[in-house]
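Two complexes follow with chain A in common, the first pairing it with chain B and the second with chain C.
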Partner chain A sequence: MNMPNSSTAPNANEYAGDEVSAIVLDPGYSTTRAGFAGEDVPKSVCPSFYGQIGDDGDSSRYFFGENSIHNPVGDLQIKNPWGSDGIVEDWDTATKIWEYAITSRLTGSKPTDPTKNGLNDANGDAMEVDVEALEQSEKPLEDSPLLMTEPGWNSTKAREKYIELAFEEWGTPAFYLHKTGALAAFASGKASGIVIDVGASHTSVTPVLDGMVLRKGVQKSPLAGNFVSNQIRLSFKQSSPEIPLTPHYLVASKTQVDAGAPAQASYKTFATPPTESFRRHEEERVLTEFKESVVELWPGPGRFSNGTNEEIAKNQPGRPFEMPDGWNQVFSSERFRVAEGLFDASAALTDADSPKPKDEWCIPRLVQQALTHVDADQRPLLLQNIVVTGGSTLLYKFNERLNYEINTIYPSTRNKLIAPGPVVERKYAAWIGGSILASLGSFHQLWISKKEYEEHGSNIVEKRCR
Partner chain B sequence: MPAFKDDQIIVIEPGSETTLAQLGLAESLTPARLRVRSRMFPAEKEGEWEPYKIRRRADLSGKPTEGQNGTAEGDEAKKTAGGDDDEVVYEEDRVSEEGAVWPIQQGRITNWPCFFALITHVYNTLNPPFHTPILLIAQPSWTPREHEKLTQFFFEKFKTPAFGLMDAALATSWAYGVHTSTIVDVGKDKVDVTAISEFIPHITGRVTALDGCGGEALTEGLLAKLKSKKFTRAMCEQLKKSPICEILPPGVPVPGSGEVGDQETITNPASAASTGAPGSGAAAASGLGNVPRGPGIDTEVGDEANGDGEENEGVLDVASIVAGGKMSEYLAKKEKEKQDKALAKKKGAEAPKTDNRPVRLPNAKREKATFMYEDHALLDTLKNMNLGTKGMAEAHAALDEGPQKKPQEDQDGEPRSVVEANGNTELGPAISKTGHIRREIEVGAERFQAASNGVLERIADAIHRTISSVDEVNKRSELWESLVICGNGSRVRGFKEALLATLQSKYLISPSSATMFTSEIPSNISTPTGTGANTPQPQLGPHGGSSGVNPLLLAATTAQNPHMLPPGANPLMSSHNTHSSHGQTPTNIKFVKPPEYFPEWKDVGFDEAAFLGAQVAAKVLFVVDQGASKGYMTRPDYNDQGPTGIHDYGL
Partner chain C sequence: MASGRDVRDMLGLPIGADAPKAALQKRPKPAGPSRLPKGVAREVAALYGERPPPVAVYEEKKAYRAKRANTGPAKKWVRQSFVNQARPDGLVLKHWRRKRDPEEKMIGNGEGEDTAMEDRENEEPYVESSGEFLKYNVEPEMPAFTDEEYEAHLRSDDWSREETDYLFRMIKDYSYRWAVVWDRYDYKPAENSSLAVQESTANGEASQALAALPFAQTRARTVEDLKARFYHISAKLMKLHIPEVQMDADQYARYEMLTKFDPTLERNRKTLAAALMNRNMDEVKEEEFLLAELQRINMAANRLDAEREELRARLEAPLPNHQSQAGLQSFTSSQALQALFQQLFQQDRSKKRSSGVGPGRLSLSGHDIIGTPTSAQQAQMSAANRRQSMAQQVPQTPIKNLPREEEFRFNVSTHDRLTSGVSFGSDKLLKMRQAKSNVQTQKIATALQELGIPDIIPIPTARVADVFEGLIAKVSRLLDVRKVREKEEGECRVLEAMKKRLNGDTDGANDDADKNDVKEEKDEIADSQEDGDADADGDAENDEDNDEDNDDDDDDADADGDEDADGEADEDAEGEEEDDDDEDAEGEDDSRVPSVRQVSEAVSTRAMSSVGHKRSASVLSQASNKSSKRARR
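This part shows the complex of A and B:
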């Protein structure tokens, strides 16, 4: 049998960790992460986008999950429950998306399943196992404590909504709410640090001291992944001739064409063309690919617009990109420009619909702002632990540029970037931190139990989860 | 605990359509020995399940059927319920699927009691000794909680000494022996796409249970095309499994696609039959090789010729004729047809052979073809009519058009070789092949249009999404170059090739003309932005180091031409091109070659490779590894940790 030795993991019952099998839910603008505490990757990563057919009301149908929102069906609108301020706006749908994230890949038992499939009428109760399952599945989380993450600027109202959701809708026995910033720091093994999180809709800078988020210091800006996407769109539009952006679903088959030549693909026709929002969402896939394979940040020294930097960039080899319709081109210096706005607002491309971003939205300014709210003697400590997280930080040369910018602002301190190499850790840092936290035996005392919630009401979240 | 031996291991792979299982591993690994349709029938008592349809006969005419055991209907093992109580007679009908419950839908277990009953049935059929470890192949859509439930069931019901769960996609990659691959599992009603790198499945981006894309969707596709021709669903299902059904790659014209009208393109085989001369045109000529003699459209002779809609309608749906009491009329007609047919055959033989020989066109060129249809509905109808043995046999003989070489009269009791086709999954040894009533049916070009409802494109899109969601971008090109398409839904002829062609036409990134020749033209010209088409510039390959450019070639060219490196960019360059996240994929899309050292699998194909992989894994885990790397959970482990412990074990 398996004899324990120094290299084997401790037995599950030696520490209290795995017994509870808590679920960690980390909802974000682009994806919703969910998984069991104690694991190193979230098992369930679902898009936060959802499809809707029909207008709001009883007659509309909703579609969740990766499989259903990429289907070019007429009238399918793609929506997102998050508001522009980085706080959930559409609670009803957000609840459904999160529930889908948990039930589809983790628990499996949808609350409606036993009644809906109609198979149980004839079966009776011969199988003991099944009866138990039916009871459990009345509410999706009846036997799992739930740890949720929230953005640092979450409103009190939204926080209360979270806890109500967890206890009333999902019937969880215990709940805790934690800020993404602190959790991302935990994931890197830091109790103190400054967390720079560049996500899809927002960039945030969170100072964390001894595991506590300094709430005043939390800074956010809308310059993040979606901003870069829009910059790419603008860049395509402003280039002459205009670069066409055709998503995959419109193309039946493509033919190879010369660089810059118009595409010669055969296109598909639809009886009812998919909606504008669907098209936009599909275009986003192409832009993601573009970001992955073409976009690059000017790594310094100096900003991209400074002096001869642009000239140097032009002399570097360009990177080719092929659109789904076969159109292709080599992108030279413009691939640096589209992401430059993250660090230098004046370099951002603008047009009538997208005005120049504010200067204080740029990442260096956010860090500066955040640190002004921290005691001066704590700043060196935080600057030694600059945790970089979020999917958009995977932009090529992001870290080099960030390092350069920080060293320019704070030349006298020892600044150290902590950016985990594995992509998974970078993308899901907050979830991983939550997974670590919820599996700690000592975390048990922090849970808000159902009983406490019933006694004190949803307000308890303000007192207990700081 | 004594070590496990090869012959003690059970491997079970539940599927939506067929459940595969085997006790013991052979010296050379074989396809699953036990194949069971994944369905159970509700028993009379609630909550109990039977593996076969149980028909209840409480009729008075039950008497004459007494002596039928071992005769014509050998498949209908009879038993009397309640001892000698003659009034209620039950019989097992091993062919019928009326009222069956399929516990696995789209890979998910939707009816747990039924599923457990199915597994119990499989287990009992295998009849294993006590010291038997079990490896269960888990569908990707099963959740961790469901894994726990299964673990509990296996340990508590079967008291198995060791139990392991293995992901189906991972099992397939084991079978192919590749560490990094994209597994596309085309099932009955769903498709799973899994990217596996270094034997680890990417859970987060995998597409599980993409609905409306499996074999069922292909049947639906056929049905949609053929509904107007009075084809039933069952016919389409069997058509799909027959070798004449084929999926053509995009861009390949469907034969006779100019007009596939109901009447126009049909050359009348009746005229061919009566004159002995082939009709005109390739279609007619090719059709003559095996002139459709069955009750297919437009095959009547003489006064019952075309245009008689009512007749045509009735002809395909023989079951309703029989049920409607017109059987004797119909049989008479059939008899006539058979005689005509024999006549036609004779005449056909006299016809000049030069006409017949060269027109044996490949299926894809022929406009029409015929296939054998096993009419279960008709058989059911006959059974429900309670004909006596003799009546049954006669009807059977009259209606069956299966093999044509033997005399038609006295053969219905004999087992026949069934027209084995693309994916006839009904191979269970328990299910006898007799008793089917076969009819020949002709179809036109519709048989090439099973996937016309966008199935291939949806699967292609799912593959693209799956691979694009793999975080290690440098792995993507390798994933594109090692596609594995498995699952019985992909058995339809041409499916894999068509899918590959779809992928290539939609997603393949061709080398950009702007950078194609750059490594051959030493140049220090800096590129003007925007339209760099005609100003080639030095570069380390079109798509960065990771994507398809031979790194050795690259190194060789640049080493000999140091001036090729652009000025002032050297340090950046090197890091740039080794950076993983740059380079668009795919530049190459390929299938993985199936392994060649499994002779038993070669003939049947590797569509069920997951089972093979699981056998390999079972051998490694239970026999070689003996649990050292926690590949399976033992009973003591289970007693210690309970069902949730299963997550700590596995590959």
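This part shows the complex of A and C:
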């Protein structure tokens, strides 16, 4: 008998676990996470971007998955089904992407039906096939309940679409929809708290009380990862000389050059080059790398633009970065400026296409706004549990800055940031929370079953998933 | 000699049954080589000699984890379908479970495996019914009301029936999480308005309902509004179902809590809480600074207290009584007093024992136990006992001598002996007014009236009493002087008349009476000479006292006799008599106005001698009294 220790999994009875091999699907703007409930990381993480060749219509071909969307095929467009308001826009493709995320790694493709796979052709012409049963069995999720996540500001229409999708398209026996904010709080072991989720397209602040999202307090703003990427682009454009941004797929070979010197690389040529959207998407990859390795947030005290902070930043050692084509430079104070817009709208870089962001979009203001929409008695409780999640919070010194900003606004309360250390837990907090929730035995009674869906229609999601 | 065998025989036990066994058991074990310590080579062990080392040296054997017990072939697991009992719709989900035994048995039933499988396919697949997590499915308790109850008691102008129902539904849905209820509260009366109107028209209150509707639509409810409505309804329902008198403590507490909810107060509280939270950095810092300062002050005070305590301990002061910190209030009960006495008594005894000297500073005799003022035995206590205890206790109180002017300034008065109990200052004044005879009292009263002094003096302080006493003394002196004068005048008249008679013809009868009178007086003088020389000197003049005065004095004497009896009883009981006042012995003495008496004695000794026959009796009693007093001292 092995003695239980810190690394052994707890007994299912200890945490009221009762796994029903449910699938948790956490779609986001940048990636779509899917996996079995009860596991600690999503098995399947695939980009929410998809490739399309040809215009919309029957002739167009779609490409999903990491491998195919980075393949520089001629006329390949890269698209995203998510709208600018953080709600799915293109339902058809979104469905396909999500289905791909589930089937590619989790359920696998179904074996072909015996009537069609050719093996049984010899012995029967009289095989009667129940068409409906056949259809049923072809659906990808026929024996896995599905838990999906949604942003806190999801519209009723979108929610109904989710449940229709799950039952009609995928044939899941049971379904549930939960908000990302609450799930992220669960992942940190909190039932109450205020969740600051800085994702790719949106930053959201969600007050959660006893596992329920306080809807009036949900705040969102477009100042998130993509905003920082745009800031970096602007910064590159505005620096003199302009910093060239060449994605990997264009570079055939490169030679080492001095810092700041123009790149000496040989470039690939394409007979039918991929579209501009493909290039942009590839550039984003480089920018993501830049964000991960160079960009830093001014940790306080004060804002980056305040007083001598900029001078201090300049005197700190810079960070070098090399572009795919070999161009390289050491970035000193610029690396602070590009992310400063998240906290200080007036410090954001602007040009004709990208106007100055609104003041109320900054994270401290969002927190403040969220809290004013919460009952006064709950505010201190929420401030004691500030859960930080989302890929963009991995920016260097993000938590220090956030801590500083919140303590400036609320100096009299005990403010505590809860930011899990491991990258996976930070990026996939909502999925992990869903995984925990869906593996609980006490969650069984919350599922919306197919029977209930058929009885009440898609409107049931409003009543049950609150 | 009887061997064991014989005994066995006598007892009728089988002979050979136990003997060998017992012998076997008794035989000592073969004294083989003493057990070798494990892990030590034989040669090394031999070096130990006969006695192994007291602490055995063992090499720790390498311990691998025990092999897993072989539990037979791997157990089979199946994805077991199950129904959760908490679900009403019978959703079938699957979870992994150990394969059930009955199926295994069925397989091994002797029939072929194929048939078993077929059977299973045909029969209804087993569906587990899982109630494991049923306990987490809890429903909140809600007050319920019927339509009649609502109409009769719960109507509100502000809340329609529909909205009330909606509120209750929300509270139930969110299990009294008010913050969530308020967050999700989104009542749209439009969908039910037609129904509401119908209902109210049926009740003949259409106008009211219509008036109420529009402003219910626009209203945004606060948490306090929701709470107020819900608590109000709950309280009313509670009162309806259980009348107030029948509620038990818990229920009543809840009822009170419900009825006392004040939304305005709550709102103000929240505003304050929000304001507290939104303070800026400076205010917070100031608060922190003040708190730190307060802590510093408290710490300093604590330190000072501790130092003082230490000092007191060094001075060997009696341990501070915790009860005494609460003042005398703590000693109002007899138990507390008893406890205090026990404590003091113990201290006293321990002191006595340790020092070996007689009664210590705190000598507590049995009398004192009884003598505590609240003790029930007070009534039984004799005056002598009390006086004794007081005489002993008086020196205990530290006497501080103040200069005269300071005494005056601080209104401090020292008493050699205190009367027990409480008396009114006004009583004291009233007593001063009263002389030994009614006539005298009336005379004093008229004199005071002439002086314009009211019957009741408003604030009879000690000083007022003193002044009043002086005044009374003067008044009585005056009266005495007047009396003397009148007597002298009368005597002069008598003597003149006698002179006339001696000179001329006189009436015989008148003469006899006078003679008798004179003789009587002479007898009295003889008696009164016991009192002292001063008296004797004055007595010569008393001989010529006239009839009227004599009668008068007799009356006085009678009154005095009564008074004396009372007064002496009082004196004994109260022990207030002054030690050095030997002249108290006089029958006419009024102990309450000693100075008056002294003055009158000095001025007119004649008056005293006139009541000699009475006085003599009192002198005797007084003498005995005095002697007893002295003896006691």
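Operating definition for what follows: the second predicted complex is superposed on the first by the 419 of 466 C-alpha atoms of A that agree within 3 Å, B and C clash if a C-alpha of one lies under 4 Å from a C-alpha of the other, contacts with A are read in each partner's own complex, and residues count from 1 in each chain.
Here is the rule we use: a residue touches a chain if its C-beta (ideal position, glycine included) is under 8 Å from a C-beta of that chain, and two chains touch if they have at least 3 such contacts.
Everything numeric in this text was worked out from a predicted model, so none of it was measured.
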Touching A:276 in the superposition: chain B (first), chain C (second), both, neither?
neither
Next on the checklist: In the overlaid three-chain picture, which partner chain does A:67 touch, first (chain B) or second (chain C), both, or neither?
Outcome noted: first
So, does A:424 touch the first partner chain B, the second partner chain C, both, or neither?
first
Counting residues of chain A touched by each of chain B and chain C, the higher count belongs to B
Note to self: Going by the contact rule set out at the top, does A:258 touch chain B (first), chain C (second), both, or neither?
What the structure shows: first
Going by the contact rule set out at the top, does A:21 touch chain B (first), chain C (second), both, or neither? both
Where chain B and chain C land on the same part of chain A: residues 1, 18, 21
Note: in the complex, chain B contacts chain A through residues 1, 42, 46-48, 101, 108, 110-114, 116, 142-146, 149, 152-153, 203-205, 207-211, 250-251, 458, 461-462, 464-465, 468, 471-473, 505-507, 509-510, 512-515, 526-533, 537-540, 542-544, 566-569, 572-573, 576, 579, 581-584, 627-628, 630, 634, 636, 640-641, 644-645, 647-648
Chain C partner, complex, touching residues on chain A are 1, 16, 18-21, 143, 145, 173-174, 209-210, 212, 214-217, 373-380, 408, 410-413, 441-442, 444-445, 447, 449-452, 466
Note: in the complex, chain C contacts chain A through residues 68, 79, 84, 86-87, 89-96, 130, 132-133, 136-137, 173-174, 177-180, 182-184, 223, 270-271, 273-274, 276-281, 283-285, 287
Listed in rising order, the residues of chain A that touch chain B in the complex are 1-2, 12-13, 18, 21, 36, 41-45, 66-67, 70-71, 103-109, 113, 117, 119-120, 122-127, 129-130, 133, 239-240, 248-249, 251-254, 256-261, 285, 288-289, 292-294, 299, 312, 314-322, 324, 326, 328-330, 332-334, 394, 396, 422-424, 427
